Every structure is written in structure tokens, then in C-alpha cells.
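One chain, chain A, links the two complexes that follow: it is found with chain B in the first and with chain C in the second.
And then the complex of A and B:
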């Protein structure tokens, strides 16, 4: 079977794959950064208790979580132009990933904040610390620890979800596999290579997350 | 110093505080006891507005606690609160736990706050533990740190919500010793506890609650030896037999 496998063609198409890897890494990096910002803002609005911030945030989060990413991508790509908003496909794709991941990240952060012992918060209240001080000194440092693993998971999901952007003709890793397949009809070689590069990105992210967990978060000392 | 005027509180339909009238003068040590669910913790949690009330008034140092205009930060800075479960901040060292409020609420300079904190830790006998995290301490030590944390704000009142109930028996003494020392310094204290020895030794008054109401008050000797009501007598016999 391996003798049927055409490594020469993979090598020949390597420049295309590397362009795809670069594009996917770029899309992921930009989307993750924007999604983190979106998620933090959405979460802050949701837990703020201020109605005009809270309800739009809930609507946004639930709308995203209740619909498939592909539908969201298609809506932005095909729907927005008919409403008179023209955005190039790369930007459309990044926007879709940002909005999608942002909603999940908002919920991850909220879960982290909710996981902090109510008693610590009451201790802060009793000693006269205000809301912002309690967030900064008591809640967020503890929430960070429980938030990092699920955040990493969400970022990995985002990287893999970015494959869907190939459907709106964004040039990225999956798209380079499709291109090779349509030109040479070697889907096994093409998509195995694509999968290999996704794995590389995954392990890079995982290494970073392991490192950050060791360096950045507080662990209880027993 | 603390005054309850016709205070009523409900949790949904449950009437947790039923028309409470109570005056606690400066320097008094008040012990509150009663069966579980009688409203004793709720009563002291209302004093620094950890709990809202639905009717009546609580006045602390001439300030109406549940008024909208009340400066809660200032009010709470004057009231130390010690919890049953200690609630030390697990991500901070002992010293950081004690310094947090003085630095951020009272805006005391760090170097000065550290001196205050070390003095309070000395008072509870834990200076050598200032650099460790709470998880490395025993329950009794954690509760003493929690008391030091309360004292670091130089409060006028200290509230204790069952401070020894979560402790192993051999650690109760060390916490009570710290509290007895506080009494000798003239601190105004409200203590929810079933420690009769402590009550008899230092309390000026014992207050017995049941079903959200104050059933009986009296000096510790009178209350424990000669309770006026059957309910109190019943309760005392129950905590004595075990």
C-alpha cells in the first residue's frame, strides 16, 4: 500500500502546503486574539448586572452556541453582501471564527469566575474591598487557573474549525489539500499531509499551554 | 454601638429574623446560641450587610446599615468578620492575606501595612508562618490568621460566625485563647458559638435564638444554670449531653 503512496507529489506541492500552513496559523492567531477580547468583553457584559449590557451579551452568546459554525460562515459570506455589506472572504472568515469562539470563551471565563468559592468573595466584601478590587485580587487570580485548560481546548477547536473557511474559498491549509486533489487527484496524499500539519499546529499550541500553566497560574501548595 | 430596631428578614417565605430588637453597647461581648437554622448566623451577617433586611433598622456607630446612602466600605472597614470556614485567600501567603484590605481599602503604604500585619500575626502567635500559603496551615492556624486579617483593619467591632465549629477538637483551644485575649483588650464582640466554656468565661450576655426570634437573654451564669424558658433548657441539656 505504501508503495502506492506518492511522496514525490507531496514534495512537489510542499510550497503550496507551507503557504496553507502559514495562512492557517495567521488566521488562527488573529482569530484567537480577537476572540479572547470578544469573549472577555461579552463575559464582562453578561456578569455586569447592567441590563442593557447583560441581555445583548446573553443574546449573542446563545445565538452563536445554538447555531452551526458553517451556517454562521455562510450567513456572513453570502448574507451580508445582500444586505449591502461587502467584506473580503479572509476578513469574513476571521470575523466568523472570532464571533464563534468569542461566545464559547465568554462562557469558559464565566465558569471560571463562578468556580471561585463564594466564601472568599464574602471575606473580601466584609473587609471593605469593592467589586473591582475583589475581581482583581481574589476572583480573577483563582479563576485563571481553572480557565486555562478549557481555553486551550477552545483554541484547538478554533484551529480545526478554520478548515471550514476553505468552503468560502479562503486560501488556507485545507484549501491547499483541495487544490492538490483537484489538480492531481491524490486525495490520500493531500489530506494526510494536511492532517499532519494540523497535528503540528496542535502540538505547538499544547506545548505553549503546558508551559503557560506551569508559569502563569497559581497552584495550591499541599 | 450596634442597635437592631424591629428587624425582620425573610428568605422567600421563611421568616428568618422575626422582629429583632437588640442593643449591643461598646465593649460588650455577646454570645449568640441556638439550634441550627434559628437565624443566629443571619443575625450577625446583617450587621455588616452581608445580608439585606426587609423591615426595620440596624444602626452601627450611628450609621443606618441598610440605608442606600451608607458608605459600605467605611462601615465594613470598622467591622471584622470571622467565618466558620476561615475563607482565607488560597493564592496568597498568610502575610498577603492580612495586608490585602489595609493596603487597598485603607490605602496604607505597603511597608507600614506589613508592620501592622506582622503585629497582628504576633498577636495570634503566627509570625513564623507569614510566608506560607493557607493550605499549609492547620485549621486552627488558619482561623487565627483569619482573626489577624480582621484585626489588621483596626475594627471597632469583631463578629464571629461559629469560629470553632469547623475545627478538630484539639485546635479549638488555641482559637478561643486568641479571642479571650481580644476580650481583655476591650473589643466589642458578637460571637455565634456553642462553646459554653468561652461564654461563661468572657461573655457579658448570652442570647438564645430559636426560629428567627430572640427567646431569652441573660448573663452566662443565669442562662446556663437557670434558663427561663423550656426551649433554652432543652437546648442546653442537648449540648451538655454530648
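And then the complex of A and C:
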């Protein structure tokens, strides 16, 4: 069993793991920000009545949702060079995470908008509000409260998904474990430590998500 | 050059079908085992016993808190240290079963929790035993709530099988990865891989959408 679990080596490698944690946090923060922008744009195109925007958005969302993230990462990693585009691994990885989460976020926002009661929209129309005003004063304020909890959930998923970037040799938390394994051949120590750090990140995000859901701060504002 | 590689790709297409078969095999076995284990764990999770509930809770937290790649590495590398030799294929199935059952457990527990207390009480006062209450009254009603997210979870699980390629299981993703070394047309190779995944998961996505619409009424 794990009687000879070597804490000394873990301690020795601590700087590497902490670098990994920082890198994972950085990748997740950048990707979720970009994904949010992508998601908002994709969702806006998806619900707009304009065909030339709507159908590409549908295709993008459905294609992303029905293929694995790993395949998308490899697609960009092996595919971009064939197009003559040379990007470093980190940027490729962030691009993949952005496109992947963007599609899910678009669907989350759309579900939020659809959850608004039909009657409210009709009331808006009969009060003489135009489309933009209805969006701004009636639909979005109500959709926001429904959207925030699943968005925070998507954020947690994204942190875990970022582990796949280690497979295209982006330096992050899982990669630190791989590095330690290849240098010392102590996979148990390495990957259990990696798992421990992911758990820490998970609990921070989860506590925040639960707290915001309990408060439903955003729903009460309006 | 494109045409040349395309010809080569057509030539080795059977290789891709083999990968597709492997992916479907892993997906099928793990979906069945995840559903069975997840159902039992979900019932444990919503049981009255505090110990049982929290034990399952810890298991679920551990699985949900760590990335699937890390779980696979742990299973694949640590079991041999304990003297249990696992083939890549069985390690993959074990990892899928552990990961998937935790997610399905939460869906099942959520469905059971959504059934009003009065249903349990009515069943108990009709003289049904605990097991009968669960089997005859609660589960059939909870099924309606469980089914749409369950099918959604199936899609996620099928996509997650791509990760088992990292320990060398020759699934669809691994086939793409091996091919791209020989045929340096990343776009073409992974478009093909993506298209094959799309074929499996898109019908399930449509089914999940349909169930969601139908069950909502």
C-alpha cells in the first residue's frame, strides 16, 4: 500500500506544484473571460432572427457540444500549423478552452433568456418598449439571476478541463505531476498531490457558487 | 499534397472504424455500469443513514473536484504500486465507472429529493416497506425528473471516453493521434475524428432535448 508515501519529495517539488497552480488559475481566468465574451456573442447571434448570423451560431454550438474537448484541442494543436499558423501551445490551449466553454455559455445564457415569462415580454410590447428596451429592462435583468449559478458551474468545469492542456505540453498543474513522475518515477505522490490542489481550487469555487446561489443576490437586485 | 494525403486517409479508414468500435465499446460498457452504480449510490445518498450519505458525499466530492485525466493517471499508475496489474483497457473502464457513477449519483439523488415528503408518508401509511416505497412510489416519479439530465450526462460521458486515449487505449482519439504523426494533415485527420464522434453523440443530444421538452409539460 502507500506505506512508503514520500512526503519529502513532494515538499521538494512544492515550487513546481505552486507554479502549476498559478498557471492553472491564470489559464482558467483568461479562458473564462474570453469564453464569456464568445458565449454572449454566439448567443446574441443564435437568438437574433438574422439567418446569416443564426445558422453559423447554431452550427458552432452544436459542433462543439457534440465533439470531445480533447479532439478540439488536438484539432487546433495539429491543425493550425497545417494552415500555416504557428501559435505557442499555451495560446492554442486557451483558444480551445475559449471556443469550448463559449458554446456551453451561449446555451446557458439562451436558457436564461428563454426562462423569462412570455407574459412579461408581451407586457413590454404593449407598454411600447422596443426590442432593445425590452431586452435591457425586462428580459436581461430577470435572465441574469437564472444564469449566474450555471455560469459558476461552467467555471468549475473549465478549471477541470484545463487539465487536458497538459497533453499538448502546456505548463500547468497536471503537467507538474507529469514532470515529477518522469523525473522521480513517483506517480502516486505526484498525482495525488495534483489531485489535492485541484480539490482545493474546486472547494473555493464551489463554496463561492453555493454562496451566490443561496443569496441569489442577482435576482433580488431588480 | 492535400489530395495525396486524402487518398492515404481513405486507405487507412478501416483503422478509424476500429477506433470507433473501441470508443463505442468503452462508452457502452461504462454507460451501463455507471447507470447501475450511480443509481445505487444515488439511493444511498438520499437514505436516512448519516454515515452512508456522507460516505457517498465524500466520494462524489473527490470525483467532481478533480479532472478526469488526473483520475485516470491515479488509477493507471497507482494500482500497480499496490500490486494490482491493470491493462489500459480495464483501467479505462474502471476510471469511467468511478467518474460517471459519481455524476449520475448526483442526478439520481436530485431526482429523489424532488419527490415531496408526502409521497413517502402516504406510501408508508399504505403499509409498504422502505424498499417498496422506493421501488413502487418514489423511483417511478423521480424517473421523469432524472431522465433528461441523465441522457445529457450520457453525452458528456461518451465525450469523456476520449480522455482514456492518454493511457494508450486505441480509441478514436488515439487513432487520430497516431495517424497525425504519419499523415501531417491535422485539420483533415481531426475533422474526421470529430465527425465520427458527432455521429455518436449528436443523436443523443437531440434525444436529450426532446426528453427535456416532453418531460417539462
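Keep in mind that, in the parts below, the second predicted complex is superposed on the first by the 203 of 222 C-alpha atoms of A that agree within 3 Å, B and C clash if a C-alpha of one lies under 4 Å from a C-alpha of the other, contacts with A are read in each partner's own complex, and residues count from 1 in each chain.
Rule of thumb we're sticking to: contacts are C-beta pairs under 8 Å (C-beta built on N, C-alpha and C of every residue); 3 or more make two chains touch, one makes a residue touch a chain.
Worth saying up front: this structure is predicted, and the values here are computed from it rather than measured.
Enquirer: Answer with clash or fit: chain B and chain C placed together on chain A by superposition.
Expert: In the arrangement built by aligning on chain A, the partners chain C and chain B fit side by side.
Enquirer: Applying the touch criterion given at the start, work out whether A:127 contacts chain B, chain C, both or neither, answering first, second, both or neither.
Expert: In the superposition, A:127 contacts chain B only.
Enquirer: Would you sort A:119 into first (chain B), second (chain C), both or neither based on which partner it touches?
Expert: First partner only, chain B.
Enquirer: Tell me which of chain B and chain C touches more residues of chain A.
Expert: In the superposed model, C touches more residues of chain A.
Enquirer: Touch test for A:68: chain B only (first), chain C only (second), both, or neither?
Expert: second
Enquirer: With the two complexes superposed on chain A, say which partner A:141 touches: chain B (first), chain C (second), both, or neither.
Expert: Only chain B; A:141 stays clear of chain C.
Enquirer: Can you give the closest approach of chain B to chain C, taken over C-alpha atoms and in whole Å, for the superposition?
Expert: Closest C-alpha pair between chain B and chain C: 19 Å.
Enquirer: Quick check on my understanding: which residues of chain A belong to both its chain B contact set and its chain C contact set?
Expert: The answer is that chain A has no such residue.
Enquirer: Give the list of chain C residues in touch with chain A in this complex.
Expert: So the residues of chain C touching chain A come out as 61-62, 64-71, 73-74, 77-78, 81-82, 155, 159-163, 165-166, 173, 176-177, 180, 184-191, 193-194, 197-198, 201-202, 205.
Enquirer: Please give the residue numbers of chain A that touch chain B in the complex, ascending.
Expert: 117, 119-120, 122-123, 125-130, 133, 137-138, 141-142, 218, 220-222
Enquirer: Please output the residues of chain B touching chain A within their complex, sorted ascending.
Expert: 48, 50, 72-74, 76-77, 79-81, 83, 85, 87-91, 100-101, 104-105, 133, 135-136, 146, 149-150, 153
Enquirer: In the complex formed with chain C, which residues of chain A make contact?
Expert: Result: residues 1-2, 62-63, 65-72, 74-75, 77-83, 160-164, 166-167, 174, 177, 181, 187-188, 191-192, 194-195, 198-199, 202-203, 206 of chain A touch chain C.
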